[in-house]
Structures are given as C-alpha cells and as structure tokens.
Amino acid sequence: MEKFETHVHDVIVIGAGGAGLRAAIEASAQGASVGLVCKSLLGKAHTVMAEGGVAAALGNVDSKDGWKTHFHDTMHGGKLLNNWRMAQLHAQEAPERVRELEHWGALFDRTKEGNINQRAFGGHTWKRLAHVGDRTGLEMIRTLQDRGIHTGVDVYMECTITHLIKDGDRISGAFGYWRESGRFVLFQAKAIILATGGIGKAYKVTSNSWEYTGDGHALAYEAGADLIDMEFVQFHPTGMVWPPSVKGILVTEAVRGEGGILTNREGERFMEKYDPERMELSTRDVVARSIYTEVQEGRGSPHGGAFLDISHRGAEYVKKKLPSMYHQFKEFAEIDITKEPMEVFPTTHYVMGGVRVDPETEQTTVNGLFACGEVAGGMHGANRLGGNSLSDLLVFGKRAGAGAAEYANKIKDNQLKVNDGDINNAVKEMLTPFENSEGENPYTVHQGLQDAMGDFVGVFRTKDKLHEGIEEINVLKERASQLKIEGSRMFNPGWHLCKDLKSMLIISEAIARCAHQREESRGAHSRVDFPKYNDEVWGTVNSVISKDSSGDMNLGTSPLPQMPEELKKIVEGGYK
Amino acid sequence: MANGSAQNSITLRNDTWWVLPLITAIVLATFGAYSTWRAFSNVDFLVQPYLSPFYSPYILASWWPFSPALLILWAPLGFRATCYYYRKAYYRSFFLAPAACAVQPMAKEGNYDGETKFPFIIQNIHRYFFYAAGVVLFFLWVDAFHALWFEDGFGIGVGTIVLFVNVFLLSMYSMSCHSFRHLIGGRLDVFSKCPTRFRLWEKVSGWNENHALWAWLSLFSVALADLYIFLLAKGVITDLRII
Amino acid sequence: MSVAKLRIYRGDAEGGQEVEYEVPVDEGMVVLDAIHFVQANYDGDLAVRWNCKAAKCGSCSAEINGMPKLTCKTRLDSLPLDKPVTVYPLKTFPIMKDLVTDVSWNYEVRKKIPPFKYAEDTDWKMQQVDVERSQEFRKCIECFLCQDVCHVLRNHNKKNEFFGPRMMIKIAELEMHPLDIEDRKEMLREAAGVGYCNITKCCTDVCPEEIHITDNAIIPLKERVADTYFDPLQWILNKVKGN
C-alpha cells in the first residue's frame, strides 16, 4: 500500500475562508487541537471576493435597527423557507461577531461619531452593512487570518480533502492529497468541520473561483449527510459581461447600495416595472430575473446586459466608496465608471442549499461532522440577502467551532479507528485517471457540465429543460468515470480537476433534481411552468437529498421546523 | 541559483529599462561637476544685487583659506544626499542597486548591507540636514528680497525673478520632504486629536507626492541661477531691468 | 483573430526550460486566460496558482516579460505581441513546479509580527481620518510581487535579516492603528531589518493594489525608527514629556 503521512488533531476544519477560519479560532479557544486544511494558500479563499459588507443590526446609522428587523428581513428575503432558528441566531449574534472583529484589528469605515459605518443593501430595511469601501471580505479574512495564526491553529495549505473516513457511524478522519507533491495525507480527527464554500464552478458564468466545486457538499453527501434546498442557486444580478475574459466577475451590490441605477437599452429605469417600491434595492432574485427578462425581450445593452450607472454620484465619491469596482472596470473593460455606465448581467454567485445542520451546534446528520458557511443549508432559505453571508460565516463559524470542540472533547484519544480498506479504496479511486490508457480530458467534461447547467438549470427553469439537464448530467457522469490524465502527480491541475469534477457532478445532479421536484417559483428558483408560489404544497417543506444504501441519490422533502408564535408575529408584523 | 529559482540571466525584461538610470546618472554627474567647480572657484558669484545661491549667506571669514561656499554647501548637499528621493535615484543609477526593477544588481549576492551600516546608516539623520538646509533657505529668501534693491532703489530684473523662482522651488523641495512630513504630523497615530497638525500633514503629503519633481526642478533652478550670475559676472550677458 | 506566442517556463527544482505555445487572442484577454487555454488544449498539467481572476486574491503572480505581475490583470494587448511573451515563476521563491513557487517563507515571517493589541479601557471610537492610513495597507492582497521584486530578497537572499515590503506595510498598518499600544520599533530595526531597504521603490512600482509602500509605509517607519534611535533631540523631548 502507498505510504502517506498522518496528522492527528481533535478538530479538522476543511476550508479556510471566513467560516473555516472563524470555526478554527473558536475550536482552538475551546481547548481543542485544531488543523485547518485549505485547497489554496491561506487568505485566498472566496471570502476575499465579498465586497459590499457584513450585515449586522448594530444600529450605528439607523438607530431603529435591531435583531428583530434583521430577522424579519432575512425571513422575507428567504421567502420564509429559512430555518427560523438559524435566522434568529444569525440576527441576534451578528452584531457581537462584527464588534469582535474590530477587537482583532479590523478597521471598518467609520461614522462621524466614530462608530462602524453601515450602508444600505437590497432587502435590508435599514442601513445595516458594516463595510470597508468595497473590500469588506478581504478585511474580514485578513483579520481572521491574523487571529488564527496567533492562536495556535495548525494550517495545512494547498491540500485537498477527497474522502471523509468514518468509524461506524462517526467521523474519524479525512483523507486527501498535497497539491504540490500529489502525495496522500490522512488527518485523524474526532470532529470535522466542513467550510468549503459553494458550487459556482459547475456553471460557466460565475463569480466563483476554481475552488468552488462543491467539495464539502459532496463529501457530506458521500458520508451520508442530508443536503437540503439544493435547487436554490443565487444568480447575482450584476456580473460583468464584457470583455469575454471577465464575464461573470462580480459587480458588487454596493454599487446599487450607493445609489446605482439600472436602465435598459431604451434608457428606461426598468425596475419601476418589477419592484416599484424598492427599485434597484429589491432582493437579488427579483433584480436578477428583471435584468434577464429585459435582455430576453430584446431591450439589452450591446453585449447582452443591462446598464448600471453610478456616475451621478461624482467621481470622488465613487472612487472612495467603490475603489475596486473603479479599478476593475478601468483595467478589464476600459470603462470609467465615474463617467460611463457599466454593463451587467446575472452571474452564478451562491448556493443557498447545503448540508443540513443543527442550528445550535452546526452538526450535520452524521456524528462528528459539522458544517458552516455557504456549504451549510437552511439559513438563507430560497434567497440570500446581500451581506448576510459574511455575517453567516462569523455567527455559524463560531458556533460550529464550539460545537465541534465540545463534541471532540467528549471522545477519548485513540478511540476512533481508520479502516485501511477505506484508505485503499480512496487511493485507488484517485489514481485511476493515471492508469486509464484511454479516456476523456477532464477539462472537456467540465466544459460540458458548465454548458449543461447554464442551458438547463439556469435562471429560468422548466420541467422539460430540467429533465434534459438530468439526462445530460447522467451522460457526463458516465464520461467522468473514464478520465485520462497526462503528466505526474506533482501540482497537476488536470488531475486535481478529476476529483473536483466528481463533486461538481454530484451537486449538479442534486440541484437539477431538486429543481425538477419543486413545482413552484420561490426566491432564486424560477419555474416558467409554475410561475407562482405554491404555499400549501411547497411553502412548508425543504427538499432533501441523501445517498441511499445502494449508493443512489435519494430525493424527498421534509417539513419546515415549526416557528414559535412570537417569531411568527415578527415575520408577519412587517417590523420596522 | 542559491534560492532554487528558474532564472539565471541579469533580467528577462525586454524593454528599455536602462534609459532612466542612465539619464539620471548623466544629469547628476553633470550637476556634481558644475557645482564642484563653481563652489571651489570662489569668483564670479556676486553681481549686485544678485548673489549666487552657492554662496549664500555670504560669509567673509578671514580664518578660512578656501572658498566660503564650502562653509555652506555641506548643508544643502547633505540634505540632498540623504533625501529619500535622491537615495532612490543614485542607488539606482550609480550603485546599480538595482538599476531597475527585476534587474540583477551590481553587488554580489549577499554582499549588501543597505542602510544598516556605515556609511549609509547616516541616512537616518536626514532630518538634521533638513533643519540645516532650512537655515540656508532662510538666507536665500533674504537674498531674493535683497535682489529687489538696486543702486537706484527698488526694482525688478530678470535676475530678481531667477532668484525668486529658485528660492520658491527650493522651498517646495524642502516642504515636500519625507522627514518634514513625518515631523509635522506623520508620527501621530490619532490625527483626530490634533486637527491642525493633521491638516498640515495632509498639505505636506500632497506636496510630498511630487517630491521627485521638486527635487529635479530645484536642482536645475539652483544651477541655472548660479549660471545666470556667472554669465553676468563674466559679461557674457547683461541683466534686463523690468522695473 | 491574432495569435500570441507564450514562452512559459516548465520545470521544477531539478531544472526546466521555456516551452512555446501559440494561443488565439480574444478581446480583453489576460495572460491567465492564455495559460488556461494552454491547460485545456495542450498541457493539462501546466501548474499555475489562481483563484478569483479579478485581481482581488493575489494568487496568480508571475514574471511576464521579466516583470513581476498578476497574470489575471495583465492584458495581452498591453504587451508587444510581435515578440513571444515570456512567463516565468517568481524568482525570489524556490520553484515547486512550472509557475508555482514555494511562498511559505512569507507566512512564517508574518507570524513573527506581534498582532494588534489594545488598551483595557478602549472605547472603540475611531474617526475615519484615523483609520485611513492603515486601511490603505490593509488593501494588500498578499500577491507577494513586492517581496519578489525586492532586490534584498530577490538577489541578496536576506530572508533571515529582512522581512520584505509586504511585512513592512503589515507593521506600518499596526503601528499606525489608532488604538494599537504595541511597540514594534525595536523589531523593525533588528529582526525586521527596515535598514536593509534602500528605498529604490520597486515594491511600489509592482504593487497591483497601488499601495504607496515606500512613501506611506517604509519611509514613515524609517522615520519612526529614527525618532527612537537616531535623533537625540526627539529623545530629549520624549524624556521631558515623560514618555
């Protein structure tokens, strides 16, 4: 059997974005020995791409704001499909989590009174997003990174986890490879926290990086955990459209938060038709559909998008509040956003669905397996509000860290076993692409998947298209079982893609099948053949995906948890 | 390579990276030669009411056997030699340390102490040269105003304008100094508690962005001012009275 | 559609060579797109780091035509395409494979910098003007292009004596934080080796975030070190004030 190195920790965190870092910090603070494993270098995770801000009812700008309003906004943003308890905890704990960052060295923009400044964002009643210009995510990840490296967390960079190992019904380890050398590595752990982010790379037009291949979703699924609400994929209304090289790159919602106006080719401010009250600051699902519809109906901009204009705010203000947008357009598109409008079109951005977790501890339905951040489901329901993901990372990252440490502390050292047979199978699976004498190029199959997801499981969906999509995914699964790789195991991106592709195929199938099942339109899930809410049938259930004993994907539903009366009142009360 | 790197050539750059350091070296060397000659010459520096900036303030010291310029020039020279901009300019163009970015420096690997050892550790007292140059600058202003008074009373000649332009540029060079920027407010951590110093720091920061520009303009102006007076003294040109 | 020739360095610690690839040029295409084209069409095992592809994460650093740059931010139409474009890994760090280098040294050094420390009675009020200086440095995306281009690290391999420009702005950010009470000046002078910087400014030239590394961080830090170690006047003033 191939030799591999072994590291032993109480808690292993997979993923070093905001959620993973926050979880590692907390688990370490609770006395657990923590290993943090990430696919990229530390500090490169997708959190750096978060721009607009972190939502927390601090009430620094609008003093009327409070957790109840934030909870109300989040539930309505999620079209009431959210896990109410998660939404409640999130709204209650976010302010403290943000202030904590400041104690760790973060420098948010300030109000005149010297407090953390907050800006308006889509779907939020009050000015709620603490921010640093348009690079809030970078600020957060640097702060957490600093805190993490100074609190004794061991970081394993450029290491991909490919398999979770179980001892009976409990998690006992994680197996993977070093990207640099291609050598295998085993992490023995009592608890594992998934913080792997999202799935955007299953789509062609996406704001997500190569890392976003649904690893955590797939690992959890393979380990027997439930996935919920996978049909809800958020298409961010404003991605860049031109030039082709940057298609899909995010244009922050802060542009609209700072007063940006959307118009079509005829110069019409079209949001007046779709959401006259909130206009550009409507929720992301509404704005994305509106832009999509305008383009479909022939009123798009030259490169097939809508115009987004912020130039009326003046050059100095724009450069100060949206510096990276200014540079992004100047350098990539040769457009000066202080003078000209941008062209934007929806881009795959975020998955609301994810691993089903316990709201208090973030434990999944598998013992010892925890999940937080984008990979976890429930918090955002059918549509996420902008700014709620950065606060989600902090609130549930901390809770997952505490939950995992508490769980791990109850288990004695050396109590859990790692089965050699599981390792052998994992090694065999990983090395197959090198051994195949004939087979497909993983890049080609990946492109096929991205095309299929864009064509059949995009912004607007129908039964027939989804059916076609599922068929296509089945074909791609077949093709992906026969991949062939050139070169050695040393830093070989083609080889890395082979495993990532398997993860993407699992989550793509889950998305397509959940979307096929939910015969209504709600939040980010828009069915042309069922354009309305169906509250009686679908408003009361989450879609659930799990792996059955024969290894097939099992699709079903489960009833939403019952919301307490006092929270129902908040949701219905139109809290302001 | 000792660090296991992939490149062994001096540089992989294929642009004209050598032009700028070459021009810098030529201009600085020319100024150095001209100013040395003029400073030692001890003649042709005063044509009433104009005094060459190399010889200001005009000191008549009987105990000093050499040119009086040498008693003064150490201050502005030291100010420029330890200036954060000129350091970049001459480290690049004379010491080739390095001549341009991503180009192999002249010194062998490891044979480099930067500004941690003598003589370059002296760069740390730049602020004292700033103070000293400030004293000289005061006298240059006096000279400029002095150049308004001719034998027949108040007046303005081309030389007057030359001296005023020169002292203005020299002042901007001093006021945009990095050390001055630090002393005026940069050393504070909490600006909001010292609003006046903050405003001054902001002003100086603005000038400081163009420190290199002021450095070059004032270098030319001081040499040209001296040259103007030299040519007057030699009778090559005559001063034009405007008023 | 025109075609660009890319000469990409392929190899590892054992050695390697340039390999030439032809890539069709699309409008607005960047070097990273060309590398991805090579991966998908010629060599699937060509190693390169990248993440966001929007100049926000700092992963895809390489040396393009000899200059350290982000491959995701360097448009092909900004390069002379009549000649082949060379793409090399960062020279300052040991090569792993192709364009990927071992940058772990940066993470080790980073750990040595004492983190933010605040006073017990902090009220957490800060004005915008007080945080703006540090905010500039916190824009850093840790692409390590400045570390790569810095000749102290690149050519003199002083990784044990000098922390490099990225860490200088990290220290500056903490030192200028309005609520920080840690003193890192001794570290700056000794372990971090600020004196090794000879302000030749290549770090500033290559910074994709346009952070004024030299003028706003390193020079102010040098001045702060001068306050403490090279300025008797400041020393006396501080004694009188009782600091």
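Chains here go by letter, A, B and C, matching the order in which they are written, and residues are numbered from 1 within each.
Note that in this section a contact is a pair of C-beta atoms (placed from the backbone, for glycine too) under 8 Å apart; a residue touches a chain by one contact, two chains touch by 3 or more.
Treat the numbers as computed from the prediction; the structure is a model and nothing was measured.
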| item | value |
| --- | --- |
| Shortest walk length in steps over touching chains, chain A through to chain B | 2 |
| Central subunit by CA centre of mass proxy | C |
| Distance from the mean Cα position of chain B to that of chain A, given in whole angstrom | 56 |
| Centroid distance [mean C-alpha coordinates] between chain C and chain A, Å | 28 |
| Chain centre separation (chain B, chain C; CA means) in Å | 31 |
| Contacts with two or more other chains, residues of chain C listed in rising order | 127, 130, 177, 180 |
| Contact set on chain B toward chain C in their complex | 1-7, 11-15, 84, 87-88, 91-92, 97-98, 101-102, 104-105, 107, 109-116, 120-121, 124-127, 178-179, 181-183, 186-187, 189-192, 198, 208-209 |
| Touching residues on chain C, where the partner in the complex is chain B | 9, 11, 13, 16, 63, 65-68, 80, 83, 86, 88-95, 127, 129-130, 149, 151-152, 154-158, 162, 175-178, 180, 193, 195-202, 205-206, 215, 219-220, 222-227, 229-231 |
| Chain A residues touching chain C - in the complex, by the definition given at the top | 40-46, 48-49, 99, 102-105, 107-110, 113-115, 117, 132-133, 135, 138-139, 142, 146-147, 149-150, 155, 157, 180, 209-211, 242-246, 249-250, 324, 327-328, 331-333, 441-444, 447, 485-488, 490-495, 497 |
| For the chain C and chain A complex, residues of the former touching the latter | 12, 26-30, 33, 39-40, 43-59, 73, 75, 96-98, 100, 102-104, 107, 110-111, 115-116, 118, 124-128, 130-131, 134-135, 138-142, 174, 177, 180 |
